[in-house]
Structure formats: C-alpha cells, structure tokens
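First subunit A sits with subunit B, and in the next complex the same chain sits with subunit C.
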Partner chain A sequence: MTTGQDASPETVKPKPPRESYARQIQGMGWGFLVKLLLMMLVNALGLSVILSAWNAEAWGILTASVVLLIAADVVYFSKRMLPLKYIYPGLVFLLIFQVFTMAYTAYVASTNYGAGHNVSKEQAVESALIQDERQVADSPIYPLAVVRGDGGLGFAVGVDGEVQVGTAEQPLEVVDGAALDDSGRPTEVPGWEVVPRAELLSDQELAQEVTSLRVPVSDDADEGSLRTREGSTASIYRSSLVWDEGAGTLTNTETGVVYTADEFGTFRGDDGSSLPVGFYVNVGFDNFVKAVTDPDYAGPLLKVTAWTFSFAILTVISSFLLGLLFALIFNDDRIKGKKVLRTLFILPYAFPAFLSALLWRGMLNSEFGIINDWFFFGANINWLGDPWLAKFSILFVNLWLSYPYWFLVCTGALQSMPGETLEAAKIDGAGSWRQFRSIQFPLLLVSTAPLAIASFAFNFNNFTIIYMLTNGGPRFTDTSVPLGSTDILISAIYQISGVAGGRADYGLAAALSIVVFVVVGAVSAIAFRQTKKLEEF
Partner chain B sequence: MRKKIGMAAALATSVALLAACSSGGTTDPTPEPSASESTPAIAGGELTIWVDENREPAVAAAAETFEAETGSTVTLVQKNFEDIRADFLAQVPTGEGPDITIGAHDWLGALIEGGVVNTVDLGATAGSFAQVGLDAMSYEGQLYGMPYALEAIALIQNVDLVGEEAPTSWDDMIQRGIDSGAERAFCITTNGETGDGYFMYPFQTSFGAPVFVQDGGSYTSEVGMGGDAGTAFATWLAENGEAGAGHISTTIDYAINNELFNSGECAYTVQGPWALGDFPDVNFKVNPVPPAGDQAAAPFVGVQGFYVSSQSANALLANEFLTNYVATPEAMQALYDADPRLPAFEGVDTASAPFPDAIEGFQASADQGVPMPNIPQMGSVWDFWNAAQSAIIKGADPAATWTKMVDDLSASLAG
Partner chain C sequence: MATSAAPAPTRRRQPTRRSRWWLEVGWRYPVAAVIIFYAAFPLVFVLSASLDERGSLAGTSALFSSISFQNYANLNDTLFWTWVGNTLIIGSAAAIGAVLMGAAAAYAFSRFRFKGRRFSLTSLLILQMFPQTVAFVAVFLLLLALGNVVPALGINSKLALICVYLGTALGANTFLMYGFFNSIPQDMDEAAKIDGASHSQIFWKLIMPLVSPILAVVGLLAFISAFGDFILARIVLVSSENWTLAVGMYQWVSDQLSARWGIFSAGTIIAAVPVLILFLALQRYIVGGLTSGSVKG
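Up next, the complex of A and B:
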C-alpha cells in the first residue's frame, strides 16, 4: 500500500540502459570453467549410458539417451536458450519418470501380458521346444569331451573303451587310436583337437554353442541325439516338436498334431489341445472392455469404486474437521503448555503409517486385541471381520493417522490470519461462532482447500492402510473374484495383477490403473477449479 | 568462434575422461589386429544366482569352491523369498534375470507357463535325491529343478501338558488337551481373517477331499474338494469354528498362534520346522497330525530347490555348478546347516540341526503327506479356498459356502 506520492519526475539525464549481467560474461571466466566441468560430467555419464545401451542392444534407450545428451549440449552451450537452461533438467525427469511410465502402462494395458502370456513369441517357441525335448528312457550317461575339427565342434564320447565322435551333421562314428582316461573320457582323438575344459568354462560363446549342439546317435533320427548340459557328460535326448518358421506352426512329429498360434497368443493344436507356454499379443481395448463388461469384474469393481470414493472423501473430511477442532482449541491463548501439547498431537503423524496400521490390526483383534478388552468389557466385537465394522475401522485408524497433519496445517493457517479482521468483527458485535463461520473458516479454506484435494488424491490410492489393516477383507461372498469389502481400487489392482500370487493379469491391472489415473486427474482438476471461487472472498 | 572451440574441447575432454574410466574392450572403435587374442580377456564366465537370506551363506560356500576351481565369477543376489517367483517371471524374459534361482516346487507350473524355466539333468547324482523331491520338481515327466529340501507341517505338542504320546484322532487330541487343563486344547493359525488352507490341509485330506484330483501320482486340473467329502470337512470346520466348539478361530494369526503355544496356553498346535525357534519356553514333541476324518491326515509336502533360467546365456556353467558343486554331500550339508529343513539328498547328517529330535517327527509327517500341486492352476486356488474356510470358521453355512467356493474355483479355472 502506498501512502504518499514520491514519484517526482526525473530531472537527471537518463542513463543508457544497462546490459544484463548474463550478457556481460565473455566466455572463459570461472563460471564457464565450472560449467565446462559439469558438462563434462554430464557428457561422460550420457556417453556411458549410450555405450552400455549399445552393448545391451537396447535401441530405445540408446536413441532416447543420444537425443537427450545432444539436447543437453545444445541447450547449455547455446547463448540463446536461457529459459531452457533452467527447465531442461526438470523436463528430463518429467520425461523419464512420468511420461515414460505412463506410456509404458498404456502399452501393457493394450496387451494380454500375464500368466501364460509372459514372453515374446520367439521366446515362447524356444521354451516350447525346451520343454518338449526329453531324455530317452534309460539313456546311459556317456563321459564326454568336446572336440574341434574342420567340420566345427563335435562330441567325443567313450563307449565301452572305444571312442565315438560325431558332429551336428555327422552321426557318431568309432575313431581308432584315441586315448581314454580312467573315467572313460576321451583325452586324445586323432584328427580332432580336444577343447580344454577351462576354455569351455570361460568362453561364453563356445559354451552356448556346446549346449545347443545335438549329435545324432545314428542315421535314424528317431534314435535321438547326444546332448550335454555341463560339458563333461552326455545323454541321449529326443524331441518331437518341430518349429516351422514360415508357417508359424509347431508340429508334433509323433502325434501329428499341428499347433498354430491363435489371436490371444496361445498355441492351439488341431485336436483342441494347447501348449502350456504362450506369448503376449496386442489385444487393443479388450482389457478396458473386460473391466466394465465382464460380469465377474464389473459388479465388484463398481462396489470397490464406490467405497474408494467414500473412503477418500470421508477420510479427508473427518481428519480435516478433527484437526481443525483441535487447532482452534489449542490456538486459544488461555491454554498453558501449548508447545508440549502440540508436539504430542503430532506424534501419530511421525510414526510410519504401515507400522501404525499393523499395531492397530493387533489392537483390533476381536479376541486378543486391547480395544475390546479395555473399552468394550472384553466383548468379541469383530472389528476387522464384519464388512461395515471393517470399513469403520479403516476410517477410524486413518483418521488417527492423518488428523495431526490437518492440526498442523490449520494451526499454521490460523496463526497467519490477520488479527485486524477478527478484531473488526468483534467490534461489530459478532459472537465467536459467527467470527469462526464468516471470517476464520472461509479464510482458512483458501489456504487449505488445495491441500484437501491433494489429500483426497493421496487417500484415493492409499494402499498402505488397506493392505496392512485388512488386506481388503472381509471377502465379498456373492462374487467369484478375490476382492473384499474394504478393497479400494489400487488394492484391487494389486490383487488382480497377481504380484502377490494367484494368476497374474498385468494387462487388466494396467488398464485399471489408467482408469484410476483418469478418475483422480479429473476429480482433482474439477476440484481445483472450484477452489478458485474461494479466493474471490 | 570461441564458443565452438570450447564445445569441441568439452566433448573431447569428456570422451578422454570416459576412455580413461572404462577399460576399453568391447566397444573399442579401432579394430584390433588380432581378434582372437582379445577374446579370452574375460577370465572365466559369470553366473548370477538369486538366493534368500537364510540360504545365502550355504550357496556362497559352494560358490567359493566353484570360483576357485573354474575361475568363474559368481554373483549372489539376495532377495526376499516371497518376491522371487514374481520377479523371476518378470525379469527372465527381459534378459535381466539370474542364471539360477532358489525356489519352491509349487511355482513350477507358473514358471513353465511363463516360459522362464529350463529343464535340468542331474546325471549320475540323480540316485542320491529323494524320489518325492524329484517328483515334485517334475512336470509331465520332465525334471525342471534340482530339489534339496522337503518340508511339511506336523503336530507340535506341549510335553509338560500332554506328554509325548501322539494322539490317535482329532477327538482324542481335543480330549487330552482339555484334560491337561490348558486354556486351549488346540491352536491353529488361520492367518487372521484371511484364512489359511495350508495349515488346515491335513484335516481336509483326512476327509478325503484333496485340492485337485490325482491321476497316477500327478495332479489333474479337476478340483477334488467338492462332493460329500468336501462337505463333511466343511461341516467339521463349522462344528469346531467360532460358532461351534471354538477350537479354530479367525482371531489367531501366525504370530498369535506361536505366542499362545510358547506361553503354554495351547496344548497342541500345527506348525512347520521353521517355527521351532519361536518355542523356546516350552518342551515340545513333534508328531504326525491326527486325522479328523476316516483317512490319514496328509499335509502338503513342499520341496525347495534350484531352477535354471530358460534365457540363461551361461547354461553350461549353471549346470556345472548345480550338478558338480551343489549336488555334493558337503554342499548339501552346508545347506542343511544354514536352513534345517528335511534334506532331499541322501547322506545329510541331521544331528547338526538346532532341534534334532524334531526332525524325526516332521519326517514322519512328511512320509504320510502329499506333494503340494505344482500345476499352474494351484495359484488360483488360495484366494477362494482361504476365504471360504475363513467364512465357515466364522459361522457361515458350511455346505453352501463350500459348494459355492468349489463352483467359483472350477469356473475360474475353466475361464
């Protein structure tokens, strides 16, 4: 507020406009050297990320880090992009931790990734072949030496004092003049170089070649082929599945069943059977459709959604009101020892929420809990086992956990409130209730309403309290999905995702998280718009 | 102009800095004249093994010998046992998974369905393993893991209250418990409100209601808990539940159960070998679980073992480690000492356990047990099964609740 006029017209000659400090810096000052050092570190870090991405053949990460690194150099060595110099780090973090996560969740939501659809098609075929290859019954265990020759790698095995050698193309043949050690393992094979064991164990590529090598026992393919796992013994294995890459089918040569991949990523045979291992495929919006139309999910999820909203809203309102009440009482000048009392009030807020929830779980136990013993004459009130009492317990414990926060916030807001307005109201003859209702409360709402919205968003996804106190129980008895009457959306998603056991359906869980994100986002946006009106008082 | 020089200098310096930091090697841009010389630069292969806290020291000991003899490097990653199943499923396909992991046999179905587990061949050592362990680690006749330990729950009784004699039936046990003057004749955990079918399973099997129908040793995906046998068990559960005799109550979770038994308030409880450390204040004896129905009470036998990843680039090393360094009497003994469960390898001396006498009781219980199903469908069972038991214990109509659970479960497995 200006009280007088002191802006007299300038009489002295105006100075030439000063150049900004940023423009005065001419290159190689100390500041530039520091910047150079910092940018060297940034570049070194970026290059090491790029190189390791190159090694790991992670092309997406490679492209992203190259672009980000070049952008960083351009931004910080260009003279122009001053604003970007400030916001670039923030933008990078936003990209990595928010945009990427959301895009990836959206991608998972469009697939059927989950139990039975856990790997790519290529890996699924590989696994199907692994699972199919079986040791021939009563196959002997041959002592083995890996040998190298003109025709590539081969196996040399000792059979009854003789040495037989074969390669992938050449079935086993007896080789004369070879030497065996005491365990019957070939040590010298004419025409072949025995690969030393140390080399086999240290050379990863060679080892992979050895474990994938199959040496036919004879010209008859049905007799199977030799295979080694650890490079020192071999047994006879036989596989019946054949992968036809062109047709995209797996054929069982023994039964003649042809397995074709269906649209859901499962190999189905023409006799109706299917292979255990499948792969993930894009299913479009199926997961979203399933979440709202599948009768198994739609009903329970609707109930869960309703409880999620009630839980979040009731928690915010109850803890706000209780916190405000205590803040008002302990803001009164007549109360002694305010500092000590206020500190005590903040204690529940200082404990980790998951610990408090576990403690409350024990205290609310209907038979051994102290709540029943101390306050209800030892009655067996099943706080966590009855759907409505469990809901009440959740709200109560969360109230206990979160009212200190509102106590703190409201105390702060009350103390920063201008004293004159209250004094003016008092002079106008307003009672204390009137003062609170017309002056203190509206002013308080201006500063606390945005916090209330944030608190709503937090409680909407307050997984800890649900998981630790009731784990979503007691279970719904009228549906077949494993959800319960205190499950909120986020804990329901956790159940469905199958991380804790059960059959995983990450696709559906990701779709539901996107729905939750949209709901929380929309509610918060609308509420924030409403709070603007409060400021117009 | 100056700026450009500065920028070039910055780039050049950072490249130089980087070159100085990394020891070059894989991405060196200048081609080496002798490529064959640079290949053995990595001395020995590398193995990554996931292991939990308990068994880490034992595996570390085996790994040390392995490293010394082969020149390989073994990295042990310590993880929570409960996290391993989901993490292994998620990380193996990305190439970030381990070469070997420790695990339980009932994960096998999910691991196979997920395409993340390789077959193993125990070779000459196969004869040293307990057949029940090998069966549990097999799926459709293929062996997928190396078993090393078995575990089963058993009846633990307070010797000072009810003596050492094993009760012959549920009724016998309850009578002895009541006669002993203990506050509670019998305690069992229901994991609080959640319900716990695992601990209740011996009683369920004594009515002849297995989780899945067995066909010649291996489980089919047909739910076997329905019918009269299942209803009989459900009725028994209700009779002894909170609305009935009150021997089984959802107020008792794992910790409360062990606390009650340790304080002498319970005469009998059902627990596994891992919980014995919770009972320092009582003298106890371990016996097989008495039947409640007319058949033997068969608990689940769980098998612990090692799996090899299907995407492992070091399959040869991994198999070498398992067959020649873990499947040895010394390594198996070390595993037993680190985490005393019933050994699945012959020749392990069980006297070194903290409770050598108890091992006998658990062994007897395991002998009359059945392997926990390792088919992928088992993962769907727990939620339905536990919840139905919890509801019945709390007083829901036993027959209706149980039948609905069996129907829901069958529908869920079919769909």
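Up next, the complex of A and C:
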C-alpha cells in the first residue's frame, strides 16, 4: 500500500508510459488459474446435478440448476459485473435456502400437503397401483438369480431353459449365452454379475432393495411385474386396480368399485370407501380457516398464540429490568475487580443455551431435582408438570439465560452516556432517582429499543428453550392435537408438521409459519419506524 | 444489604468514612455475591453431577459427595465423540462459509457503487428479519426433493445441513461486516489500485487482514448458532451417527432423564467448557457484535 507513493513519481515522468508489472501479469496469474479450476469444478458439479435432475425428472431442480449454472458462468467469465462476483456465492445459498423456502412455505400453506396427501396426482396413482399389487393366484414360480449391472439391480429368471433379465426400468428380455443350474436358476449371465446368495442374506440393505424391486414382465403394465419375497424365486404380481387415464378413475377389477379423485386429493370409491394414497391439491385459504375454526385446533392454537406473545414480552421485560438493575448497581468506578465480576455475571450467557435448558430440566425435576431439594426443603413441587408452574419455570430459566445480555448492553449504554448532562442535573439538585428517571432511563431506552425488539423477535421463535425444557407440555387435555400449555407457535408448528414423527400436516404447519412471518415482519417494521422516531426525540 | 449500614444512625452527624463507604459502595459486594451464586450454581451443580460416581440424577444434591471420572469414561460407550466430531465439522464449515461469503458481499457493498446496490441492501435488511427456522417445513420438503436428485444433499446428510445454515450467511452477517468495512478508509484501496493491484488482490491481501477482528466474531457467532441449533439439525439429520450434540444430548435427557444424568453432565462439561472459554476470551468483540446486529438471548 505504501509503495503507492514511491511508484507515483515514476508514472508522472514524461517518458513513454510503461505498464506496471502488476498490470502485465493480470489475467493470467495464479488468481486466474485458481478461478479457472474452481469454475471447472463448479461446472462439473452443476452439470452432474443437471443430468441427475434430468434422470429423476425433477423439472424444478433442473430449471433452477441450469439457470444458476449459466448465471455463474456469465458472472465469473465476463469482465463486467464485478460486484456480483463477490455477492454471487452467498446469493445462491440465500436464494435457495431462505428466499425459496419462504416462498415454498407460502405455497405449501395453500395445499393440503401432509400425511396421505404427500405426492402429486401422477405419483399417487402409481403408488396406489403398487400398493394394491397382489401375487397373481395362478402365477408360475420362476427360479431367480439377483444380478447386478450398470443400471443397478435386476432379476434373471430361468423360463423354459432360457434366461430372461430385466430391471425396474427395463422389462424382461431373453439373454443368450447364459448358464443355468439343474433347478433352472441362472448361474451366469453375460453382461451381469450374479449376486451370491450369501451376500443377500448378510446385507440387510441389499435384501430390502431386492424385495422392493419390481421388474415389469413386458412393456404393457397390465401384465404385471416380477417380484420376490426371499430372493430365490420370483412370481408375477399384478394390481387389481386399473388406471383409466381418460376418465381419471381407478377401477378395482375384482370388486368393480370405481374410484374417482375428489377435490381434496382423495380417491373416493362409488361405494363410499377411499384409497389410502392421496395427492396434494390447492385448498386456498382452508388451512388458515382450519386453524381458527376447527374445534380440535382453534382453542389450543389461540392459547398457544396468547402464550407466545406473553412469553416473548415478559421474558424481554424481565431480563431487561434485571440486567438494567445489575448494570446500575455495578456501574461505579469505585468498585474493585469489576472485570472479574462482569465475567462471572455473564457465565449463563456464555454457556450454550440448549445445554442450559436441558440442565434446568434436570434441576427442576420434581423427584430428584436440586431446586426442590435445596430451596424448597425437598418438597415435591412439579415445576414442569403443572401448566402455570411450567410457564413460570420457562420464564425463570429464560431470565437466567438472558439477563447477562441486558447487563452487558445496559452497562455499555450507561458508560457511553454523556457525563455533562448528569453533571448538570446533579448541580441542579436532582437526586439519584430523579437523575435515573429523567435522564438515564430515557437515553437508555433510545439506545436499547431496537435490541429489545430484536430480542422480542428472537424469543417469539425461541424453540430451543421451550422444547428442551418442557417439550411444550403439559399436554392440553381437552384436545387430540399434540399441543401443550407451554407450546409457543414455533414449537406448535413443529408438532403439527410431524417432521419428527406423528401425523404430518405440512399444509397447516406452513400456514402457521406464514402467521409467524407476518408477526415478525410487522414487529420489525414497527421497530424500524420507532427507532427513527426515538432518535429524533 | 441494609443491615450493613446499621452503624450509620448512631453517628448521624459525622458518618465515618467506613460507614459512608458501606452506604455508597460496600453494599454492592454482598449483592455481587448473591448474583454470582445465582449465575453459577447450576454450573457448579453440573460439574459436581459429572463427577458423581452413581451417574443418576437421584442423590446429586449433595455437592461433590464423590469424585470419580466414571461418567467421563462412560461417554466412550456412547456416540458422544461422533456427535462432537459432527458438530465440529458442521459448525466449522458453516462458520468458514459464513465468513467468506459475508466478507465478500460486504466488500462489494462497501467498495463498489452499482445499480441496485441500495435495493439489495434494503432487501437483505428485510430478509434477515425472517428467521429461517420458521420455514423448516419447506426446508424439509426441499431437501426431500433434492435428495432424489443429489443424494448428498438430501435428508440425513451433513452437507445438506451445512448448506441450509449457509443460507443465512448473507443476511445475518453482511450488515455486521458492512459497517466494519466502511470504517476502513477507501484511500488505502486507491493507493493499492494505483500500484496495480486487482480488486481480488485488494480484497484478499489488503482488506481481509484489516478486518480480521470482525471475521473472528462472525465466525464464532456462526459456529455458536450452528452449535446451538436444534430444530433444523433434528429434522435434517435422521440417523444417530449423523447427529450433532444438540440432537444427541436432547435424546439422552428426553428418554431417561434420571438414569443418564451422569453422562449428560459429563458431556455438558466437555461440550460447554471450550465454548465458555472462547466466549469469555472474546467477550469484548462479541458484545460489540451483538449489540450492533444479531441477538442471541
């Protein structure tokens, strides 16, 4: 950097301008090579993603990856678009994992995506056909050898002294030059590796793959497919359902029941029964309506929402006040060892929050917990099992977790306060309470209000403390929905979504996520305005 | 606290220096002792429980009644060290990615003037207000779909979780870094530019060393948030050998709180102490970073 001054006189000289050395190597230096290598890697990866997206027929991913790859090449190989060269990598992740997921949440909120409705209509038909497959009563039993090739696993069966091979995609066809043993089972198949029986028996995963493999008998799907139960013999399985694409109906050939897709994505039979497999459909605002009108959900969700707001507000106020109190007490230059004290005060904050919450879960245990043992003479107070005590416990533990933050913030704010104002007030005869109330506190509010609002938004979604401490419990007793009296919206969404087990209702969960987004967005918007107002003031 | 000022009324006219000291300063020390007890007793308790030879929650209320390292030894029979490894891998990758991408974006916003700059900054400001965890249903469905195409990015992949965390790298950190980058005088870039340095040389060799304090803060914050994340880690990582500490240790305590209290305490000590030390050592930087941007508590 300092060489700039040394070099400049040289360029001022009226000699024929000589290009600087740095300029000469630009474009072909190490940097360029590294960039080229990186871009080769990116392109290779991108192309392989595009190819597998093509194979998996995932058109959305295909489009996105093509667009992103082309954009990457344009950005990094053109001379312009300098800023984008720096922003692009982060932007890609932002677009996929934040912007897209938010938009996708909005989309899912308008569908009935969830248990029983988690595939598209096409896939639903396919899996209905598969689920309904039964072994054909008069099917011959074929001696089977499981084979492995480039296209994955396949079946080789001996049919009348000939060997036929097929895979999930490739229907059975005759292979020449294969060898059979006495029982008619293929032992050698040209172009395929016969998987030894011992391997099938020892490798659980492989065995599972084999039992779920379906090899079509021919191009005509109605002829059924070969399946195996134990890996040594195969027989023909056929679905009793027939898909009529023109009419959009599934017909059961045995019972004659015709299933038609209804507006909720369920196949309903004309006898009133329905198929277990459904598909997701757009239901508009039904999820939102369900959240407020469904008797199972409306009551609990109202309570959950009320508690979410009270929890977020109370926890911010309580920890702010406690932190402020400590900061006021220890913001005095006459105290010795302030640094050590400060470090000890913020211990809870430096301790990982999820571990603290789990730790308190043990300490608040009604039987063996030390809180009862130490402070309540061994009484069996059920801190986490009673609705109100559990709420209190959560507030108390979160106070322990977050007062240090406010202690630090308030200490900083108090120290950066203009000394002259306080001095002037003192001279005017203001007592310390008056000084605090009329000068320190208002100034403190100005500098901490944005943080208080950010903290509100954080606690509004503070999943960790709730889930680690009480799991949202104790459960509501008046509803079948798995919600409890300390559940906040985000943990309720978690329970309803069923991503961790239980009945999945992605649609309703996403709709509630949208509600949370709106609340957080509104609060943040107010915060921005308010901070500007406070600053003017 | 009030009793400590008791001698004051008797010599009301001329309070001695000592009682004045008690009134104005001295009483703060007992208060400090109370606060320290409040802040530290759970931590002392978990240390004591981790050394308790019985290894269950029952009977832990007598502190340090027995000193044994059995609980620490028992950790070897669990997947604890695998989880530590996973957490370190995921946390470090998320931290490095966040630092690099955040710094690059902050550099672009701070040093270049381009069309859409204000708009992008405002959009980032708005986007970072919406927590990614709330969209976890969509993240889950997205990873299900991605996994069909690229198995390495599907459910139960650590790489996928890292990518999910990196989604917030730009929103959360750019502003924190942007302000810091702006505080570095532009004249330096100019001088280097005249010397013939390219924009990438300026970025890597000039700016990056100068902003290293903020890089450390952002890296540490990203690491801690990955370390402490439960909800995304829980839905992405399915099989127990892929879990992070947050998921694994939750499982211990949620299943058999009392019986596994010993190994939980030992695990807590091992997991928390490095973070605790790192945090306290860097507290000056972190507090500065926290008050100007993201919030933990």
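The rule is simple: the second predicted complex is superposed on the first by the 333 of 537 C-alpha atoms of A that agree within 3 Å, B and C clash if a C-alpha of one lies under 4 Å from a C-alpha of the other, contacts with A are read in each partner's own complex, and residues count from 1 in each chain.
In the analysis below, a contact is a pair of C-beta atoms (placed from the backbone, for glycine too) under 8 Å apart; a residue touches a chain by one contact, two chains touch by 3 or more.
For clarity, every value in this text was computed on a predicted model and none was experimentally measured.
Of the two partner chains, neither subunit B nor subunit C is touched by A:S318. Shared-chain residue A:I329: touches subunit C; no touch with subunit B.
Look at A:A510: by the touch rule set out above, it reaches subunit C but stays clear of subunit B.
Of the two partner chains placed around the shared chain by superposition, subunit B is the only one that A:L201 touches, whereas subunit C remains out of contact.
Comparing subunit C and subunit B on the residues of subunit A they touch gives the larger count to C.
Of the two partner chains placed around the shared chain by superposition, subunit B and subunit C are both touched by A:V499.
By the touch criterion stated above, A:Q131 is placed in contact with subunit B alone, subunit C being left untouched.
By the document's definition of touching, both partners, subunit B and subunit C, reach A:F368. By the document's definition of touching, neither partner reaches A:S438: not subunit B, not subunit C.
Once the two complexes are laid over each other on the shared chain, residue contacts for A:A454 go to subunit C alone; subunit B is not touched. Taken together, the two structures place residues 56, 361, 365, 367-368, 471, 499-500 of subunit A in contact with subunit B in one case and with subunit C in the other. Put simply, subunit C touches subunit A in their complex at residues 24-25, 28-29, 31-32, 35-36, 38-40, 42-43, 45-46, 49, 56-61, 97, 100-102, 104-105, 107-109, 112, 114, 117, 120, 126-127, 129-142, 145-146, 148-150, 163-164, 166-171, 174, 188, 190-192, 194-201, 203, 206, 224, 227-228, 230-231, 234-235, 246, 249-250, 253-254, 257-258, 261, 264, 268, 271-272, 275-276, 279-280, 283, 287, 290-291, 294-297. Contact residues of subunit A toward subunit B in the complex are 27-28, 32, 36, 39-41, 43-44, 47-48, 51, 54-56, 73, 77, 79, 115-116, 118-120, 123-124, 126-128, 130-131, 133-135, 141, 198-204, 207-208, 210-211, 228-233, 235, 276-279, 361, 365-368, 382, 384-385, 470-471, 473-475, 477, 480, 482, 495, 498-504.
Within the complex formed with subunit A, the residues of subunit B that make contact are 2-3, 6-7, 9-11, 13-15, 17-18, 21-22, 26-27, 39-40, 42-45, 70-72, 85-86, 89-90, 93, 95, 109-110, 112-116, 118-121, 123-124, 141-142, 192-194, 249-252, 256, 310-311, 313-317, 319-320, 323-324, 376, 379-380, 382-384, 387, 390-391, 394, 396, 401, 408, 411-412. Interface residues of subunit A facing subunit C in the complex, by the touch rule stated above, are 1-5, 7-8, 20-23, 26, 31, 49, 52-53, 56, 58, 60-61, 82-87, 89-91, 93-94, 96-102, 104-105, 108, 113, 319, 326, 329-330, 332, 334-335, 341, 343-356, 358-363, 365, 367-370, 373-374, 398, 400-402, 404-405, 408-409, 412, 451, 454-455, 457-458, 461, 463-464, 467-468, 471, 490, 493-494, 497, 499-500, 506, 509-510, 513, 516-517, 520-521, 524.
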